[in-house]
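Chain naming follows the written order as A, B, C, D, E, F, G and H, and within any one chain the residues start at number 1.
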Amino acid sequence: MNINQILEQVKQGDISINEAEQRLKELPYKDMGFARIDHHRKLRSGFGEVIFCQSKTNDHLLKIYQHFADENLEVLGTRASADQYNYISAQISEIEYDPISRILKLEKANKNHTGLIAVCTGGTTDIPVAEEAAQVAEFFGSQVLRIYDVGVAGIHRLFSKIEEINKANCIIAVAGMEGALPGVLAGMVDKPVIAVPTSIGYGACFNGISALLTMLNSCAEGISVVNIDNGFGAGYLATQINRLATKI
Amino acid sequence: MNINQILEQVKQGDISINEAEQRLKELPYKDMGFARIDHHRKLRSGFGEVIFCQSKTNDHLLKIYQHFADENLEVLGTRASADQYNYISAQISEIEYDPISRILKLEKANKNHTGLIAVCTGGTTDIPVAEEAAQVAEFFGSQVLRIYDVGVAGIHRLFSKIEEINKANCIIAVAGMEGALPGVLAGMVDKPVIAVPTSIGYGACFNGISALLTMLNSCAEGISVVNIDNGFGAGYLATQINRLATKI
Amino acid sequence: MNINQILEQVKQGDISINEAEQRLKELPYKDMGFARIDHHRKLRSGFGEVIFCQSKTNDHLLKIYQHFADENLEVLGTRASADQYNYISAQISEIEYDPISRILKLEKANKNHTGLIAVCTGGTTDIPVAEEAAQVAEFFGSQVLRIYDVGVAGIHRLFSKIEEINKANCIIAVAGMEGALPGVLAGMVDKPVIAVPTSIGYGACFNGISALLTMLNSCAEGISVVNIDNGFGAGYLATQINRLATKI
Amino acid sequence: MNINQILEQVKQGDISINEAEQRLKELPYKDMGFARIDHHRKLRSGFGEVIFCQSKTNDHLLKIYQHFADENLEVLGTRASADQYNYISAQISEIEYDPISRILKLEKANKNHTGLIAVCTGGTTDIPVAEEAAQVAEFFGSQVLRIYDVGVAGIHRLFSKIEEINKANCIIAVAGMEGALPGVLAGMVDKPVIAVPTSIGYGACFNGISALLTMLNSCAEGISVVNIDNGFGAGYLATQINRLATKI
Amino acid sequence: MNINQILEQVKQGDISINEAEQRLKELPYKDMGFARIDHHRKLRSGFGEVIFCQSKTNDHLLKIYQHFADENLEVLGTRASADQYNYISAQISEIEYDPISRILKLEKANKNHTGLIAVCTGGTTDIPVAEEAAQVAEFFGSQVLRIYDVGVAGIHRLFSKIEEINKANCIIAVAGMEGALPGVLAGMVDKPVIAVPTSIGYGACFNGISALLTMLNSCAEGISVVNIDNGFGAGYLATQINRLATKI
Amino acid sequence: MNINQILEQVKQGDISINEAEQRLKELPYKDMGFARIDHHRKLRSGFGEVIFCQSKTNDHLLKIYQHFADENLEVLGTRASADQYNYISAQISEIEYDPISRILKLEKANKNHTGLIAVCTGGTTDIPVAEEAAQVAEFFGSQVLRIYDVGVAGIHRLFSKIEEINKANCIIAVAGMEGALPGVLAGMVDKPVIAVPTSIGYGACFNGISALLTMLNSCAEGISVVNIDNGFGAGYLATQINRLATKI
Amino acid sequence: MNINQILEQVKQGDISINEAEQRLKELPYKDMGFARIDHHRKLRSGFGEVIFCQSKTNDHLLKIYQHFADENLEVLGTRASADQYNYISAQISEIEYDPISRILKLEKANKNHTGLIAVCTGGTTDIPVAEEAAQVAEFFGSQVLRIYDVGVAGIHRLFSKIEEINKANCIIAVAGMEGALPGVLAGMVDKPVIAVPTSIGYGACFNGISALLTMLNSCAEGISVVNIDNGFGAGYLATQINRLATKI
Amino acid sequence: MNINQILEQVKQGDISINEAEQRLKELPYKDMGFARIDHHRKLRSGFGEVIFCQSKTNDHLLKIYQHFADENLEVLGTRASADQYNYISAQISEIEYDPISRILKLEKANKNHTGLIAVCTGGTTDIPVAEEAAQVAEFFGSQVLRIYDVGVAGIHRLFSKIEEINKANCIIAVAGMEGALPGVLAGMVDKPVIAVPTSIGYGACFNGISALLTMLNSCAEGISVVNIDNGFGAGYLATQINRLATKI
């Protein structure tokens, strides 16, 4: 029995108000409209579905993508392998794959991109994580400016780009090893900086812990941190901020 | 010699263009206008000066505040002690101090507060850090909604507040121990969530490391993290986002 | 407007069923009866209120206890200081305090204690944590058997007690330093063992991490672990198990 | 010489009481009946033998299983590989293997399952560990309710299941990354929650440490933790609790 | 009923052999003579009682020492404070206290010291831990050679002592900070080296972890490690080895 | 528009001085001559280009080396694989590769080597890192003295070399496991010692952390540390010091 | 010039005493007889050469073993692979290899074994490390008693062996996971216990750190610890102690 | 008997050459001239004595300083307290103390300072450590340039100083929290940079570990690291390098 039926019975006088109240409280939450909020969130935010591909079997993944292809819906997959792409593209020819960012997606053509997010990296080895962030932001409708290989060990490269970077509504700064780029950037711009530590490096970088700690301890203002190698999270969060800045 | 003087000499023909070019390149950076960017940032962003009081002597701190009082400027100090307040207030009667957030400030009256930032805590012991965040955001002109003591161990308290929280442009979620509040919140709203781990707790919370790791590993989207107990950083960043959402 | 009022309007035909359904979904969660579940839990389980005293001011704590005293209700406070006890007992003479366990409580006389929980410690320095566990279990109605100072460095002391210990429905094993007691115990009994690492020790015990890791890695079956020094958590959980064993 | 023989000699007067007493004290412990306790434990508890397959050679493992097959006894193996299964099933056709939980077993048909244990997971990647727990509990005679993929990032999925979950005598909550599920669950039910951190994740999850710390620091009551990925331990312990609840 | 009584009944024919066998198996372990082994160990080894004074109250400690004083027995206390000494010496005048090693003891005069143990330190700040080791060894009857302040930063000081050190049956090497002394020593002598890391230092010494790791990773042969600052453990173990070398 | 053009316009009176000043400040930094400083650094120091080969594709790497080969310039690559060497040498026959140090380089013949750097290792397994350091130093023009396998576990091997080592301007000490060599060396020479921890070892060496901590905590004077396995960094820094000592 | 030659010149009056004194001080250390001490140590202790095979090439290793084979000397290699054995045995037929302990050796027949060392393990997975210890001890002339799979989770298995174990001069206790065996053993015997943590396990055992910490924190007396998986070190040290006990 | 006496006997024919050779080898090392090397090092390097005051008693410290005062020698003490200064200055009026660096010294007037060392800090809280470094360098004869509070969060402050900084022979960069200053500096100069992490900060700075890791992982060339807060070590090492650059 659902809400509508209970209310109908109340109207018909088939059950008392007390009885109706009791039944309403016993309904599963999803039937009570709670799940609707979640759906509303998806609809309102315009964020399509996201699949974490890494630990999924080819068959399982194919079924998921087939569902979206059949419904003519967009879907974004992260951390997909070339093997997963090959398997799925044999069935779904319109699927797209980028081996750098490892993003596997079904995306509508001629999407509009608004606002601006700057994505910066300290070195060239940070690019895969940066591309995941950038392509996620683009998939969700943000315009992206890429500024790669501007680490603090040769900081003059960064300076010539600062004014361009500061035009963005939000800056994603990706860096491994010492991880100092986000803090330096945050000291030079007046927009939120999302710091992404990467696991690239050797020795006492401890697979990204060094960069993570550097970023958490930054003395600059206007900086926050996501998990090591979490380009997706940074791209998603930057899009939220970019939307706040462009929609209102 | 400054830029103006060099240009004057070029105009007068006192030095060649080549010579002028060389001299320009040798000028200290600040004279070249670089520092101007930094000042522009302060002016444009409307963020006044911030003082980290914790390790400063009473005398040193008094001089700093006296300077702002004399100039009739606002200034915000963080991590101030009651003793510092007593010492300074003897000289500067208009100074204000809040023993919970430990904020010591000179602030103009009748300030306008725009937009909305929600500040939530898991427990009552997280309130000092939350108040630092909230009062920093207010000082910089944001309106703040406080929702305290809504931790996940009694999660029904949180649910009744979700729609109210989601009206904010940005949410600051402060939690210690298990630190699960920000992740749960981020799964229920569609606004950026800034997670602040606190050092409160005992045993394997390791002064906030447990909460920090929980937040970094959140599976929810739209969440980023600042340093343990860094209420100031969260309040500043939330204000940046709130301004992006309200000004444009 | 609450559920009852909405239903009344439906009955009177003042609003349509669709309209009523919409309004029901928009009600705050607590009004929907969700909070009731939580209250039911408290009532059904018979666990009274618990206060974490450690970071509370004397005034704040007094108000809390006064509330329970006025209502003639039981209440259990953990990690209370002697100073807190002195302050409160001046107003509430029937308050009880144990300086070992640091438990501060209002408790009805002649409480019935059922089932059996065994509380064991490796050394004498583990007794404060063990007493917190034991007294929490007793407060919630369990009978408790105390077996202290039976650590594995002199394991023959433990053997003479095994049959007695195994009569309990649940065993709490408290140990610091090497923390081997719970694993040895779990290998000798057929009841759940709740392991509590303590922070007592020096050097590479790292305030309880050593004991915590030992317990997590135990090769014995039927063992689980709570946070370092978390006697309260162990006593509460043991009572839940003891009730399952005795009530049904 | 065993106890019986010594006693016989005492009766016959062949040795003095003092001499007999001395000999008794010198007997190996197992001969003194101590090992009996251990056997009693197995018999009384009804827990059959368990084999940790992971580091065992095919030959060694076959011999173990052949022994149980010959004796017509049940045996449960954990962390078995498909290769181990193939090798053994060529000889023992009645052996059963589940590639998800990696359990390899000889089990009687038509086993009775009593009581109820709920096994919940935060995500789909936690299912292998959850299945190990669930199948271990079933092997030892418990009825199991599986509630998978109800993590806190989409917490409404969990709510619709709470009343069903709370009917269990014990709840196993399996989660990786942030690991918040067990704490949220423990705040909503009144039964013991056994938390199992999993090693799935990336970055600062540190192969399960993040989830482990979250669970140890949970502010909810009635929760304890087993080792990372230790589904077996959780299933065993839950069965002990379930038996206490159903047998008495 | 004890063993003797059971045997008497067997002899008298009051109980059957089967019945006697059953009763014997049910006797508590200590009554079965197991505890005797422990006492035998004390007697055979000649190690008197040891008290860990650190966390004991003055009253509790006084009772312990009074017991040994009354029985005219030796007793050794470690980590005693000057305050504990003052309290106890007011009652037991023959008690001895050394503020460097913090050893508080009752010891017979004219004790014989045999064999030889060398105790070396890297610096002067390691001396308190070294003295604890040395005085424990002396208390238990070993002769001790002290070689202090011979750290590897000025390694020539060590060389002039090597032949003297190598005459010992066992060497205790105490060092903090880099902790290299035991490894260098072990490479130059042919006797067991017991390495004791100390917690003295600053920065990345992490209260002795640095020295502990250095010692565990020593490439030299014939070296083992005890806990940080565990002079007592080193002195006890060295005495065991010294006795093996001198008694047989 | 560049500086020269702006100055020309000032000279011609086409723009005012104020306008020129404004334009100058808005020029990108690199155009302002800042990048020149960086180039000056390279030219002045005589350090050629360095490539970190490890994560680069064969194609990418070939293009880089081809560029330098075409320009007839030197270039040094670190952490190159044999596979990378084979791929590139097929095109660039003059490329040189050393499988021990994994250095891949284009180098002019008959280079002059000045001053002296000593490179020492604790064991033979440290040689790859030491060779990276040594060959980097040689590539940049330093003379190198190799003293390998002189670890502290057999310290007499080191003593016979001390006077020879002390003739160097700078000493690189490479060691894994306990990592004590640099501290012992620094106590015996009066030149800067650059300590390089290596990741070789097992157990509690934690991939070089043990050696790193030992070196940071050395009580000797005149010692500093680079990252684990960072032979390149040590060779570069030693060359800087060697040049300071030889050039002036 | 060596010492002898200098002294000859003094005797002949060819050089003054002052000159001779100066020359003597300038001689390399090894010529001064220092190295003699090291050789004496080898000779006196009777410990033959030991090779750490793990990181050595087949060719390099063959040369080393060929040298010992040619000289008809014993040599012991640790951590050798089956591949290394196959390569070398093709040339040196008398070489012996044990795949469990991974020891590769040339050993004289009919060696005498004296004294007694007990080698115990907690589980069967600890046997490879235990066998390394046992075979090293045997190679150096000790008699070894193996007591495997007597871990504390089934502690009655250990008790029946205690008296036999206590007959040894030294006990090696090998354990992974919780690592409690050495502490329990040390509480039951009066001989030195050398604890060896192993890296076997999963989850929070952290490759042996858990066991290592347990052992360092043992409350029992007479216990010390070697590096994780360091069976060789334990076997060597135990032999030193066994020799002290048997030779004098 | 010393070398001289032995040689005299050889010359007189009182002992044979063989006998003399034997005796020489048996002399303690210091008598053999080894200690001379150490003294030579002190003399040659011109580094006076250094005292670590922190853990020394007032009396002990006074004796040390009195010795140097009586001998009219210089001496430098680090980490001295104001209390130590007061105690000693009552006896030795010429002693000098700086409460910022906590240096307590006897120093000759009109000392010559040569070369140049730059000491930079990220913030004002790093100044105590920087002053220790600077004053140590000055005490040992180096000229020092102080550039404080030029951290990367406001990097333009640093740029105006770069050319001045690069005139130094060696740069000491002191920074806490994120610790990025040394890496940025090393990318802009061509002189050795000695990085000193400081323990100032809060949260995830872990008393300097964050800054330490940042510095070890710096991607810039020409940088090495000393222990957390080790201003003394940096000042000493910088002086060694400065001397190499200025003396030769």
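Operating definition for what follows: a contact is a pair of C-beta atoms (placed from the backbone, for glycine too) under 8 Å apart; a residue touches a chain by one contact, two chains touch by 3 or more.
On a predicted model such as this, the values are computed, not experimentally measured, just so you know.
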| item | value |
| --- | --- |
| Pair in C-D, B-C or B-F that repeats A-D, with over half of contact pairs matching by residue number | B-C |
| Contact-richer chain pair (by C-beta pairs counted) among B-C and C-G | C-G |
| Geometric centre distance via CA averages, chain G-chain A, whole Å | 55 |
| Inter-centroid spacing, chain H versus chain B (mean Cα positions, whole Å) | 39 |
| Length of the line joining the C-alpha centres of chain B and chain D, rounded to whole Å | 50 |
| Touching two or more other chains - residue numbers and ranges from chain C | 37-38, 154, 188, 203-205, 209, 212, 216-217, 221, 227-228 |
| Residue ranges of chain C touching chain A (in the complex, touch as defined) | 3-4, 7-8, 10-11, 13, 17, 20-21, 24-25, 32-33, 36 |
| In the complex with chain D, residue positions of chain G that touch it | 125, 154, 156, 159-160, 162-163, 200, 202-205 |
| Interface residues, chain H side, partner chain A - complex | 122-123, 151-155, 177-180, 183-184, 186-188, 201, 203-206, 209-211, 213-221 |
| Touch list for chain A against partner chain B, complex | 37-38, 41, 44-45, 47, 50, 162-163, 169-170, 188-192, 194, 212, 216-217, 221-228, 233-234, 236-237, 240-241, 244-246, 248 |
| Chain E contact footprint on chain H (complex, rising order) | 28-31, 34-35, 37-38, 55, 197, 199, 208-209, 212, 227-230 |
